[in-house]
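In the part that follows, the structures are each spelled out as structure tokens.
In the two complexes below, subunit A is the common chain; its partner is subunit B in one and subunit C in the other.
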Partner chain A sequence: MRRSDKEQIIGYLLILPAVLLVLIFLVYPFLNSFYMSFHKWPVFGDAKFVGFKNYIKVWKDDQFWNSLYFTFLYTITVTPMLFALAIPIALLCNIKAKGSTLFRSVYFFPVVLSFAVSAYVWMWLYNESNGVFMYGLRYFSIVSDDYNIWLERNSSLLAVNIQITWKFFGISMIILLAGLQSISDDYYEASKLMGASRMQTIWNVTLPLIKTSIVLCLILSIAGSMQVYEPFLIMTQGSPANSTKTLVMHIVDVGLDYYKLGPSAAMGTTLMIILLIITSLQLSILRKDNK
Partner chain B sequence: MGGFMKIILKFFLVLSTLIPLVTFSSQVFSRELVVWSRHSPSQNLVDAFNKKMEAEGKDLRAVNSVLGGDFVPKFTAALAAGERVDVAAIDLIYVPYYASIGALEDMTEFLKGKDYYNNLNGPMMHLGSIDGRHYSAPNDLGISGFAYNKKLLPNPPTTWAEMTTMCEEFASRGKFLTGWPTVSGGGMIYTHAPWGWAEGGAHSGWVNEDGSTANLNDSTMQAAFDHFTNLQKIGCVPKNVAAWDWADKQDAFLRGELAMIGTGNFIIGMMGDYPDIDWGFFAMFSSDGTRKSAFVGGDLIGIPVTTGDKEGAMEYIEFILSAEGQSVYTRQNGGLPIRSDLFNTDPCMTDNHRVFLNAGDTGHVPYTVVYNELMEPWGVAIQEIYGGGNPGSVLAKHNARMQEIIDEGPE
Partner chain C sequence: MKRFSSDYYLYYLLNISLVIIILFPIYWTIISSLKTPPELISKQQTFYPHTITFEYYERILTYGFKEVDESENVTLEDGLLSAGNIFIAFKNSFIVTIGTIILSLIVSTLGGYAFTFYKFKFKEYFFVFLLLPILIPSISLIIPIYILLKNLNLLDTYTALIFLHSMSMVPLGIFMMRNAFSSIPKSLREVAILEGSNDFKILLTVLMPLTIPGILTVTVFAMYVSWNDFILAFLFISSEDMKMLNVALKHIATGANQWEMKWGDLTAGSVVSFIPLIIFYAFLQQYFVRGITGGAVKE
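This part shows the complex of A and B:
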């Protein structure tokens, strides 16, 4: 056996555990879910092939469309909020100053908190009687004395978006920071020599050079937002009147609460296809720009 | 389910079962019953049973796993994987589904052979039966009713008209008479639907007796919603009640901000923790006050078909149904016996307990194999009504959805 062959075999063996984990916990469940989506799948007894019946059922399910619409609404509102906070903070953290490492850690801290913990913390902040947030809004007469943020869909959405932005902007910030730190100082020096202002430098030099990082953040944000579950489950429980029920909440309800595994699998497959399309579009735009 | 999926499910189920086994078993017995339950108080029953077995010199011991809110998905996964569970104490509303899919052993002869067979709680027995065969027995009772604070409301209302008058009086003083957990579908069927059932009789205002027809838009249920939306309009109900969960209304009552709330017998156990409240209880009633109702909740106990020791499971259930076993529950604050012959003989029963027991006599629990799914239109309907929707049209719309779900049935 040649040395290169031996190295190749060792290489394959080393990645085997990771490949096995991906196969067992990602590929197999996806393929099984795809298979299930064409079957009537009772808890007891044998599965029965039903063709596209589950997909037709999903198509006719009003709550599926409501949840899909709401999930899109959440995605397109939370993503700009994340970027609006992550980009300036990343730019500030990129300044070589004393204590910047501490600030990076502080800004990243909410990311390591569990969903449940951060959701409950924010629910207390929003609490109509004791919440600091509500107290502040009332103090400045922005809302009435008996205002409750969970009474309407849009205010509930905004409340959750703020919590998510606070919790997750740290991830985007770290990715963007990595992009910023890979930019050579030569670009900034050239820009300075050409008399560009600080804003012009950011707009014409910094942002184009971290485009790959921005697209990566965008992909992560959109893919993550489309699969949002815990924040709305804990903070709104889908209320008022299911108007904040996300698609994954609906999929879980149909599959694990109603035990309709076939239709639930059909919805899961549909979501997977939607995500594949969105991600492919984002990647193709990035490739086109890079060319 | 696929074979490979079953193996994976089994692996995790074995792991999750091993942890309590390691925790609770200090000694290995030749017959160990695997008991799955929802609530931690069940451990007292298991301990009492094990003590009895020890005293009788029997080599049978029960090992309890308390699964809390995850009971239903875990139990369903266990059934699908063929995992051994000998006894399961299940939230009663799910039992018709499990019985309908053949997940529970037939206990008819066993139960009919008991002297107290006719004293077992009727609505609970109804839920665990199909075509006269019994697939479960009552385990513990959770009956709904109303608690009031005598400091704020010296005498509770006895008719809906009286409640309206009280509401006007409270509103004129800027105080709140009551509030409810609008966003909790489970909380609302427990403490709100019985007003409709008291008005129209059992099997009105949700589903009919065998669960084949939805009747959410029954005129009596609509009358109940009209009454409470009227209280909302008068102003004796907090404005944000449409966003309230169970904890919101209970906390408001315990803080002394609400004069009365819907609750369950379990709250009797909390009375000592709130000495500032002068506690009183009453059952939900019809508009003229002549008929009472309640949601008869709690757990039913059954033997899953995946049992490895049916005889041992029977022995455990026999202990639970005995006066000795029931006293374990009733000694815990707020517990109610599931046998009517124990209502007057159990020394732990107080007048407060009897308010709930009497309400349970004419109480009700809907029979349906698609309970979870029906909770969705029910939950949305309540939120729409207390969010400003017209009760009549909202109930009609969601009744149609409930009927669709019933017609489709479980998968």
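This part shows the complex of A and C:
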């Protein structure tokens, strides 16, 4: 055996565990999802090819459209909230001063917590009779005494958004900070020489220079938000009246509770196509940036 | 920034207020778990516990969450309301997390090593193939994964979670370890080969000690992914003595009555769940940051 042949075989053997993991637990379910979405899956017996019937069923399912609409609504409301917190804090963390590393680790800390813990922590703050958040709102007479935040869709959405913003702004903050740190000091000196005020410098110099980081955060936030499940599963369970049921929650319910595997797979495939478009945008932007 | 200028005060004022706001929910959870029941549910909020009690901790560590009522119609959702113990849940999460860390480290070290030092056909294609978990969101594949696990007899096992968590770690792991190995001069490995040691020995004794930052980044992220997973543990684990910690929290939360949450127990359970993370974070936080930005943030 030639040395290079041996090298090739060892090379393949070394990557084999990683390839097998991805092949079995991702690529196979991925292909199966396509297959399932074109078949009828009875509880007993064999699968039957039904063409696009499952997709048509999904198309006619009102809850699918409601869930898709709600998932979009969540995405377009939570993303600006994340940025509203992440951009100023990233700018603040970019200032070199005593303690800045410590402040940064505190801001990043909620990212480390699990969805479940973060959700329960906030549910306690939102508790209608003993929650300290509600206590604060009542103290300033913003809400009435018996106000329950979970009774309406919009207030539930806002409550979850605040929780998610608190938990996730750290990721955007760190990505933006990495962008900010790559800006050369020359830009700031030039801007100072030209007599620009601090706000002008941020708006006209800093933000355009970290455009790539901003776009990256934007896409990460959109792609992540479209897959939202846990926060609503834990905090609202889809209530009131299924109005806060997200797309993934609906996919799981249809598949595992009602055992309609075909339509569920069809919805999964639809979600995947939406997400593939978003992530391929992300990759193309990153590739452009690397050139 | 000059000391004691107005900017100086503004900087610390802003940062300290933000720190208080960001940490408040955590502080509140910890003190809530230490308050006595009357203080916890009193209308008058107290901002520190007037009398400290550990009764919630004792309760969640010793008792099950709820007895199963056999007469009820038990569905997937109801199954979660049955008995369990947070100590067992902690152990379960611990086993799965350690398993994920070990498997992820093996998979990404071997892979990163191959991609740096070996030449083989279609190398670039394999590399892109291993980045697929970023591109394909596995949450949209929940149902086919459920069926796969059922066919493999892996439902309700640690192994299923370890495999799934490690699969999602593949892109970051391979990427981090390839970077770590490529920063080592190639000549170092060649000298070791000339001295007659075999590949495996070189990897373990010469190269791996030089990739510690990469290994720590993979470890920290594997821990993060596995310890914090809720959805896979929720959907794929059903027996009571196999419950993971995060799902156990849902147990405590819903307790006997879905609409009446046991907040004392729940805040205590949350503290038990995030303490290992705080410890991990305190020592290894720069590796969390590295994992997200690929090492771009300076200290």
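Heads up, the rule we're going with is that the second predicted complex is superposed on the first by the 254 of 291 C-alpha atoms of A that agree within 3 Å, B and C clash if a C-alpha of one lies under 4 Å from a C-alpha of the other, contacts with A are read in each partner's own complex, and residues count from 1 in each chain.
In this text, a residue touches a chain if its C-beta (ideal position, glycine included) is under 8 Å from a C-beta of that chain, and two chains touch if they have at least 3 such contacts.
Keep in mind that this is a model prediction, so the values were computed, not measured.
**Student:** Taking the superposition on A as described, I'd like to know which of subunit B and subunit C A:E7 touches: first, second, both or neither.
**Tutor:** After superposition on chain A, A:E7 lies in contact with subunit C alone.
**Student:** Would you mind checking which one, subunit B or subunit C, touches more residues on subunit A?
**Tutor:** C
**Student:** Which of the two partners, first being subunit B and second being subunit C, lies in contact with A:F109: first, second, both, or neither?
**Tutor:** second
**Student:** Which of the two partners, first being subunit B and second being subunit C, lies in contact with A:Y28: first, second, both, or neither?
**Tutor:** both
**Student:** Scan A:L281 for contacts with subunit B and subunit C and give back first, second, both or neither.
**Tutor:** Touch status of A:L281: no partner.
**Student:** Let me test your reading of the model: by the given contact rule, A:V132 touches which partner, first (subunit B), second (subunit C), both or neither?
**Tutor:** After superposition on chain A, A:V132 lies in contact with subunit C alone.
**Student:** Who does A:I175 touch here: subunit B (first), subunit C (second), both, or neither?
**Tutor:** second
**Student:** Between subunit B (first) and subunit C (second), which, if any, makes contact with A:I56: first, second, both or neither?
**Tutor:** Neither partner.
**Student:** Once the structures are superposed on A, label A:Y258 by its partner contacts, choosing first (subunit B), second (subunit C), both or neither.
**Tutor:** first
**Student:** Based on the A-chain superposition described above, do subunit B and subunit C contact any of the same residues on subunit A, and if so which?
**Tutor:** 24, 28, 32, 256-257, 261
**Student:** Help me check something: in the complex, which residues belonging to subunit C touch subunit A?
**Tutor:** Residues 1, 8, 11-12, 14-15, 18-19, 22-23, 25-26, 28-29, 32, 40-43, 45, 75-77, 106-108, 110-111, 113-115, 118-121, 123, 126, 129-130, 132-148, 163-164, 166-167, 170, 173-174, 199, 224, 227-231, 234-235, 246-247, 249-250, 253, 261, 263, 266-267, 269-270, 273-274, 277, 280-281, 285, 288-289, 292-293, 296-299 of subunit C touch subunit A in their complex.
**Student:** List the residues on subunit A that touch subunit B in their complex, please.
**Tutor:** Listed in rising order, the residues of subunit A that touch subunit B are 24, 28, 32, 40-45, 47, 63, 128, 146, 148, 150-151, 237, 239-242, 253, 256-263.
**Student:** Which residues of subunit B touch subunit A in the complex?
**Tutor:** 1-2, 4-5, 8, 72-73, 76, 79-80, 97, 101-103, 182-183, 238-240, 242-243, 245, 370, 372-373, 376, 379-380, 383-384, 387, 410-411
**Student:** Looking at the complex, which residues from subunit A come into contact with subunit C?
**Tutor:** Residue positions touching the partner: 4, 7-8, 10-12, 14-15, 17-19, 21-22, 24-30, 32-33, 36, 89, 92, 95-97, 99, 101, 103, 105-117, 120-125, 127, 129-130, 132, 135, 166, 171, 174-175, 177-178, 181-182, 223, 227, 229-230, 233-234, 248, 251-252, 255-257, 261, 264-265, 268-269, 271-272, 275-276, 279-280, 283.
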